[in-house]
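Please go over the structures that come below.
The following pair of complexes shares a single chain, chain A, combined with chain B in the former and chain C in the latter.
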Partner chain A sequence: MQRVPRWSIHLALVVICFFMLIPFYWVLKTSVAGENIFAYPPSLVPKDPHPFYFIDVWYDIPFARFFLNSVVVVTIVIVLNLVFNAMAGYALTRDFAGKKAILFVLLSCMMIPFQATIIPAYLITAKMGLLNTYLGLALPEVSHIICILVFKANFEAVPKSLVEAARIDGVPEWKIVYKIMLPLSKPAIATNIVFSFVWTWNHFLWPLIIISDQDMQTLPLGLSYFLSYFEDTTGALYAFCVMVLAPTVFVFLMVQRQFIQGLTSGSTKG
Partner chain B sequence: MDLLRALLFNRATLSLAALAVAVGLWNVYVAAHDDGLLAGRVVGPDGRPVAGAKVTLLQQILVGYERIESTTTDGRGAFRFTRHNQHKPVLLAEKDGVGASARTPVRLYFRNQNRVLAQPLRLDRN
Partner chain C sequence: MLFRKRTREMLLVAFFLTPALLVFFVYRIVPLLWNLALSFAFWSPGGSYEFAGLEHYTEMFVYDDVFRTSFVNTLIYMASMPLAIVVALFVALLVNARIRGRNVYRTIVFLSYPMMPVAVGIIWQWLYNEKVGLINYVLQSAGVIDTPIAFLNSTALALPSVIVVGMWQILGFFMIILLTGLQSIPQSLYEAAAIDGAGPTKSFFRITLPLLRPSLFLCFVIGVISSFTSFDLVYVMTEGGPAHATELLITYIYKTAFGLSEFDYAGALTVVMFTLFLSITLILNRFSGGEAGKVDGAN
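Now for the complex of A and B:
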């Protein structure tokens, strides 16, 4: 069978990347030029680029406060996700009665949209006195079923002999997870970080429902506040989007290799 | 030791450190240039300095402009505001019998940035 030359694959990938990056480029271009998106003919190169829309966003709305709120919530979510998902993932690698039923329930729950559970989630959060708090914002995000399954797949790839040797040496189960499983599951950790970061960073509906204090608003809520504040929004709106998007892109670039490994681990045998 | 080295010298830590340094340097620059000095000149339609013109510092709000403060030009047509506390102030100069300037937005890189306007405000609208 004749192999496809590598350069042709790279060329195709470059072309695909070019088209996929056009929306990002467009957002970036508009954020520094403020050109109307409906302008015809559209200009590919920004005319008189300047950073003033970013400065307007920084000063005209409490961006730093919204940013801090998002960072605090995301940090809580990432830490709790790693703890809970790793524990749940490890438990699911063990054999116990009802394991298949639990897996079935978990997989079934993935089909229920968050919007369907938002009223009970709100009532529970209110009963716990967590409305308008960081913990209340983080609560529905502290564990994700997909992330549990990613951990499970990674833990199952760890040789059983390692775990058995640790047990023979009398190592407790929590230490097996912490000292053996997690150091060998960096891709799963990276995947957990990226997923929980992106989902929480972009969450709009939940903060909208439980936050009434403006000082506790996160960035997606800040966007709606921003739209009601600015009259001429095109450039500033895109600048705001770039400022919201930048941390997500940064986190992804930092852990992209492990993230892709984490998603593909367990997808092939051998 | 290896763990410490791994924690310190990785992409994420180094990138965040570089970002922190850049932010720190920027804040040092801002601290050294945020006295809120806004100065410039007012000239008449003939390009000659106008003494005694009233210069108003405005702030753009959702429904128009809000006056912050006013000053008067000296004999050389120069004016000066201190602690303007704005990041996009708007200036308006006017003098009875001569005319008024257009509302001139001044874009600054940070609030209270010191700026001496390169172009004078021209009184050419009656």
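Now for the complex of A and C:
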């Protein structure tokens, strides 16, 4: 790499970044376009940009309701993931009979993609009476095996002496997790939150299957229904896309490091 | 005393493990077995189970052309992933160089990965648009083509067009994995090689590539997973069309189960999809020395 001149590296990277960013630019441009978006040739910059398409989205469809649904489901998933995964991760740092078997089961479950479970998962959810509910949307995702393993690794890095000392002082187990382990496991917590957020926020197939009530639609589902009703005939569709992507971009740019680490640590260290 | 302590320990462990295990039992293990049961049965919602033997499998492998198409398409999707990995490796090498602003480059390349696939599909559909899409406009202005191409309505081009989007989205993820791999290669190896008179090309093929093997395999496994799970992009961009040209196993399963209510047949399709997925991952796992399979397939 040393012999290659720097400017050529920069040039190559600028070209690559251009290709990575152009779809974002194009949707943003379309969403504020003042001109007819079906005019040919397409204008490369928006003429008299206006926010009307965004207003359309806000008033024509229950965007706020979709947004709320997404936020509620994501919140349930994040909170339960933190609780369940931390508990399981802690249990797996202890020695007990059958630990190997449990780890084997967990690692095997990791090989079952969610997509291979949709039919029975739907039937089970229907049987529990949870179709069209937040809980039904959240339940399959309230624990991720990768996140359990991340917690386990993080807990194992906590000095044993600290835990022993607390135990001798008679501190109950749940308090050891809550007061000693968790404050020392911020990276694992960040991983859990990022993972849960991205997967649940973007998840489309599961809501598509179990939600038929319009009031319960999450954002991806609302977006796809919008597409099937209006096709691509209005700029509002692209304003909708921008509104759906904005939170992810925002969160991503705010906590970039945790974000990238969170999404990759599961697959590279798990 | 010792006994009591151990019992308490067991109770504690059991209590802590139960919620997570319950979730995996209900939403992973039970569905797997249920699929298997469905695949050997005649069943429709509300009806009773009747033994079907291998009926569904015979139907699938002998008569079902759509199944064959979706099977092949899934394999094509998978087989095109190495291309994305090569590009990602190139990008990873670039952003691994000591240059100013490399973190900005990394951020930009990674940005597409966590974005909602449904929205990504809609955006790209717009870019591919036959009349006013940016891609057709650029190609026409540059004189590459005379008449606009209907990318997503062409049986020949629809699948590659969708795959390009899949690659665009996953590229940044591959890059980060390969970058992590690159950074774990000890610098001293390169110094030693340079002293021995090895040029950059030689040290790339003799040091970088061999040591990067686990990361490359990991990328491929993730690519394999994405070929089995890319439901959203296909559903939004083409709905599997035209004429099933972009049908993947997962979209076909969805349509069979939730469009036609043929849950039993869809169960059999799922069993085949899962078996294929598992065999490929296990084979890859063998090759890579056992590290690559550890990826959650739920994405």
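Heads up, the rule we're going with is that the second predicted complex is superposed on the first by the 208 of 270 C-alpha atoms of A that agree within 3 Å, B and C clash if a C-alpha of one lies under 4 Å from a C-alpha of the other, contacts with A are read in each partner's own complex, and residues count from 1 in each chain.
Definition applied: contacts are C-beta pairs under 8 Å (C-beta built on N, C-alpha and C of every residue); 3 or more make two chains touch, one makes a residue touch a chain.
Treat the numbers as computed from the prediction; the structure is a model and nothing was measured.
Within the superposed three-chain model, A:S143 lies in touch with chain C and out of touch with chain B [touch as defined at top]. In the overlay built on the shared chain, the residue A:M87 is in contact with chain C alone; chain B does not reach it. In the superposed pair of complexes, A:F250 makes contact with chain B only, with no contact to chain C.
With both structures placed on the common chain, the touch criterion links A:D56 to chain B but leaves chain C unconnected.
Measured by the number of chain A residues touched, the leading partner among chain B and chain C is C. When the two complexes are overlaid on their common chain A, residue A:P183 makes contact with neither chain B nor chain C. With both structures placed on the common chain, the touch criterion links A:G129 to neither chain B nor chain C. Judged by the document's definition of touching, no chain A residue lies at the interface with chain B and also at the interface with chain C.
Across the complex, chain B meets chain A through its residues 11-12, 15, 62, 87-88, 107-111. On the chain C side of its complex with chain A, the touching residues are 9-10, 12-13, 16-17, 19-21, 23-24, 26-32, 34-35, 38, 91, 93-97, 99, 101, 105-120, 122-127, 129, 131-134, 137, 141, 168, 171-173, 176-177, 180, 200, 215, 218, 222, 225, 228-229, 231-232, 235-236, 250, 253-254, 257-258, 263, 266-267, 270, 273-274, 277-278, 281, 293-299. Put simply, chain A touches chain B in their complex at residues 50-52, 55-56, 59, 229, 231, 250, 254-255.
Chain A makes touch with chain C in their complex at residues 1-4, 6, 9-10, 12-13, 16-17, 19-24, 26-27, 30, 37-42, 83-85, 87-88, 90-92, 94, 96-97, 102, 105-107, 109-124, 139-146, 148, 173, 198-199, 201-202, 204-205, 208-209, 219-220, 223-224, 227, 232, 237-238, 241, 244-245, 248-249, 252-253, 256, 259-260, 263-264, 266-268, 270.
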